[in-house]
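Data first, discussion second: the structure below is written as structure tokens.
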Amino acid sequence: MRRIKTAVIGASGYSGIELLRILLRHPGAELTALTSRQSAGRTLEKVFPRFRACGPEAKLAFIQPDLDAVAATGAEAAFLALPHGVASEFAIGLLERGLRVIDLSADFRLKSPAMYQEFYDHPHPAPQLLEESVYGLPEIHGAAISTARLVASPGCYPTSILLPLLPLLRAGVIDPASICVFSMSGVSGAGRKESIPLLFCECNESLRPYSVPKHRHLSEIEQELATAAGQPVVITFTPHLVPVTAGMLTTIYATPLPGREEVDLDAIYQEAYGAQPFVRLLGRGGLPDTRDVVKTNFCDIGWAGDARTGRLVLMSAVDNLWKGAASQAVQSFNLMFQIPESTGLQSI
Amino acid sequence: MRRIKTAVIGASGYSGIELLRILLRHPGAELTALTSRQSAGRTLEKVFPRFRACGPEAKLAFIQPDLDAVAATGAEAAFLALPHGVASEFAIGLLERGLRVIDLSADFRLKSPAMYQEFYDHPHPAPQLLEESVYGLPEIHGAAISTARLVASPGCYPTSILLPLLPLLRAGVIDPASICVFSMSGVSGAGRKESIPLLFCECNESLRPYSVPKHRHLSEIEQELATAAGQPVVITFTPHLVPVTAGMLTTIYATPLPGREEVDLDAIYQEAYGAQPFVRLLGRGGLPDTRDVVKTNFCDIGWAGDARTGRLVLMSAVDNLWKGAASQAVQSFNLMFQIPESTGLQSI
Amino acid sequence: MRRIKTAVIGASGYSGIELLRILLRHPGAELTALTSRQSAGRTLEKVFPRFRACGPEAKLAFIQPDLDAVAATGAEAAFLALPHGVASEFAIGLLERGLRVIDLSADFRLKSPAMYQEFYDHPHPAPQLLEESVYGLPEIHGAAISTARLVASPGCYPTSILLPLLPLLRAGVIDPASICVFSMSGVSGAGRKESIPLLFCECNESLRPYSVPKHRHLSEIEQELATAAGQPVVITFTPHLVPVTAGMLTTIYATPLPGREEVDLDAIYQEAYGAQPFVRLLGRGGLPDTRDVVKTNFCDIGWAGDARTGRLVLMSAVDNLWKGAASQAVQSFNLMFQIPESTGLQSI
Amino acid sequence: MRRIKTAVIGASGYSGIELLRILLRHPGAELTALTSRQSAGRTLEKVFPRFRACGPEAKLAFIQPDLDAVAATGAEAAFLALPHGVASEFAIGLLERGLRVIDLSADFRLKSPAMYQEFYDHPHPAPQLLEESVYGLPEIHGAAISTARLVASPGCYPTSILLPLLPLLRAGVIDPASICVFSMSGVSGAGRKESIPLLFCECNESLRPYSVPKHRHLSEIEQELATAAGQPVVITFTPHLVPVTAGMLTTIYATPLPGREEVDLDAIYQEAYGAQPFVRLLGRGGLPDTRDVVKTNFCDIGWAGDARTGRLVLMSAVDNLWKGAASQAVQSFNLMFQIPESTGLQSI
């Protein structure tokens, strides 16, 4: 297998670490550049002892995030594991230097600069790229991803919410106005940063909602839901922080449209995902458990009908750092470079 | 303060342990009998080392659950911390012997034998007591509790769901058909029993829904909601198991009735609970955290309006073993015996 | 009971929070001043939502740590819950203003300025007070504590190590050169500070030694061991960080002196601690568990003989924030002000 | 790579699950038989949803542990992941049928039937095999393993204790009588069985020693230490249960022999393990963290000298289910079948 020379820009956060974990064992990727302002000059194994003795790449040194230096390594692909708002500048420069970019931040996920302004409270820094960028949900946009220069890889909430909902909206089965979403996220989703509320003693034995009622990622979620529904969609969504390191569990209620109450969800999901390697359909009554997906690229989906209220209950589980971040980005990388889709992602 | 002679029937589960923890320090209670089939003959401190050296009661020995023996200790009050279905037999016998009973099981919470049959799959063993028993939510039924012979103390899901919803239904503010509920429970809620799915290694780093879509306690929840609404209420509810020992967080969505969109929730909640010592109103935008209520009798309630969808978001936090079980039962005990309501429950 | 007007200086760390939790329910203490640079001007319940509705003190506002302002509240006692090195300055000023001081930091625990210099790498800021200060281990120095102006309350490692060892050294049973100590601490022992290594995701599922081989608190531990042994004592000690919020478990190996191999440890411990309300002797073969002591002032001690090697195995469990910090300081407070020793400390 | 037909006998415990996780992705192994009394007739993915969609093996059905049926699948190798005492019977029968056996239980780890009797309280069921069986620590007995019919793969305590100690005993550096060992184990080490003390709520926020003072695995540990030392060795060892799912951290004290105080541990360890792919030497002052080894076959070793007492401090970290069980067994499998040693074990 040809190994694509690959750069990882900003690899010191939790998504970045998982990205390295995957790429270091990916037979189609060759890491040529790792950048980190704070770790520049130190080797991978010094910064992350976990990677000691993992192979020659363990001796690779972080460099400053200099775009010319990155390009000089011959990298064809770059993953951006940078905070929101920082990524766009790097994306522009790397695209100019001929690299194809997979951005794990939220910078290029919206099509509408106005919606970006509404949810992020400042103008988009590179609106000219919004049209070109492809929303990196491989189960939905696989063909576009395969030819994209710039992939905006979705995060954990969008992934766990969109995968169960999109087939039902496309099939016109549920009332878009009825969608109620609740999610629980592991603490790693909040990032690796010096913060009192993220200390062990603050999170352990704590359950808490946050970002009520308007989490920023609602913008991209609703954008994709609207595309599937063929009409605007607005949903209610509450994220919760729970004391696990990794994992996300989403439970969704939605009401069938009149006349669609008896629809066969099994068939709809089978048609949508039956050929997808990373969506596992648990069937009617199937209940996902994040333990079954942690450190994998799988999204497990179960569903049930609540005969008493008429609502449907949809449930999904992903690893917020894998299918919700790093491994999904690698799935797009595989598609972009005509590498078999599951390459490097067959952990169990 | 006169000390009420008190028996605890079946004190080896997690609710029972917390009940003992509270009663052992309660100035108005004197433990005269502890029963446990498996621990009979052993002292409290032998069975639960936590209670060593806590005072003379640490030497109290468990006895077999013999009703005459319990009555012979002079007990006026009995707490039943028994599994569902076992409690009713003891309740009948203790009432016959003149004790007043606070039952922590689900046996006497429903008014309708038919609803009991529907949700528990067998006829109610003592339907003649259903009329008399009082649903032991002190913030709602305080007056009836104070004179009751038999109090059916609610569990954690009903408590965390009913307290935020009842004032809004009574005030006619929300559409009963719109109620969507999502709860997370600590593992202690599943009980202290030999069970693979409750092992540390099965629950740690796991997030999972269960009892989808028809949890048994929906029956009592909907009974109380209907009383407040003045009409039948059916809701959608999904419980989730999360890796904390104690704590329950509930998030609820509901839609205001036409014309009530601008209603002042703060005023409604203030009127309902402003004088209640154990409900803490966090106000609009207030976000509860189970860490703030664990090992207390408090229920913390916050709320928000989702202007984009028009829905209300209600959030509550309780300790599933305290306000959701043991301390709430003691709160009823206080009311029943004219003891100041907060006695023994002022932990912080 | 007369209520002693009491100040808490620096109450925003984990020990400070537990101190407040205890003092807010202590019938012999009246909180008159809380200081915190970062929280000055905000009420207790705003800073710590846990304390909402706990009583009138919930409305007490934090003030700047101004010594005159503290004294002006009429405070007779002050607890210092400040970082090492900061406490001494406050202690001096408060003593000058006539308050009696219980210092939870390490500033006044050593008698020797030279030893302080060796372990803390700078000269002691107030050596004139080292002679006067009393090492606040109530089971050992109770009489001196009761008349002290300045009590240096020991932390968790010293408490959990000294209580099992001191009686054996005083009785001349073990070889001081043979002492090997291993401890595990909950994460709260590392403090409430912005720090990557203390994040939930760094501590969860992690076990790690630290401060190898010379933890600072060895200085005070060895000082007290030497006093008991009547000769210098040097020990090997390794602390470990483990993913619990609270709790400390210490395991100690020591070799009996020749001729003392058959000594009756039960009798020695019984004599030392039989009348002490907060040491629970689990006996030969008794194995402590931190779950039994968390949120209590108890130190549980068990022991065993290893017939194969001749060594003794001593094991202790404390709550690092209670008996290892806050509640132990309150125990000294009780002794200093002739309040019954267990007052405010009877949690179970 | 030729794929060795492989059976796993008794795969429903925690070690068995990890063994399956590794073998399912091992390019040199082909699973032909999985046995489990309780799961017979069900497919791998039904019993362990984690393995859904992992490949064709997910459809493999468990069979009853019938030796002829296992042999009929053509299996050349069998892993025994059975409880102590049950394994020996299967080992005999599989050896008779020509399979080579890697036993993860303790049944064949001791050379002396008398020592077995002493530590396990009954005669050894197959003493004739004790001579032949090879203690499966690849870093020590690699050559013997490569030709063995029966490998007794060591568990977590022996692995984490032996790897740091053996080179120092072989080099005659430390006094065998001075060895003091302290270990912490994740809860998975206690097995996947219905047991109250292993429930989430019993283990969470709990730290506890157990098996004091004579854990059964001391027998094999001391056997191997004695071989390295060339003299009998008896040590003191205390295991502790701590609330992590996986991971083991061991801290050891030992005193250098007279004249060996200045010995260069770095050189000794480098000579012993410098060429070993799965021992990572952290060097003097290096502190292992179980997070760096979980889900890997690495043993990380750090050390320090305690100048104050003259003792050495040795520290090791392994994943109790990987290097301490499943992956170490696969490492032996690789050696036995002339497969490159790291095959299937390069997780990071």
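Letters A, B, C and D mark the chains as written, and numbering starts fresh at 1 in each.
By definition in this document, a residue touches a chain if its C-beta (ideal position, glycine included) is under 8 Å from a C-beta of that chain, and two chains touch if they have at least 3 such contacts.
Remember, it's a predicted structure, so these values are computed and weren't measured experimentally.
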Third chains touching both chain D and chain A: B, C
Chain separated most widely from chain D, comparing mean CA positions: B
Whole-Å gap separating chain B and chain D, where each centre is the average of the chain's CA atoms: 46
Separation of mean Cα positions, chain B and chain A [Å, integer]: 39
Numbers and ranges of chain D residues touching at least 2 other chains: 186, 202, 204-205, 243-245, 289, 291
Sites on chain A touched by chain B in the complex: 177, 180, 182, 184, 202, 204-210, 212-214, 234-236, 238, 240, 242-249, 251, 253, 285, 287-291, 294, 304-309, 311, 313, 315, 317
Partner chain C, residues of chain B touching it in the complex: 21, 24-25, 49-55, 205, 277, 280, 282, 289, 291-292, 295, 298, 300, 346-348
For the chain C and chain A complex, residues of the former touching the latter: 14, 186-188, 192-196, 198-205, 243-245
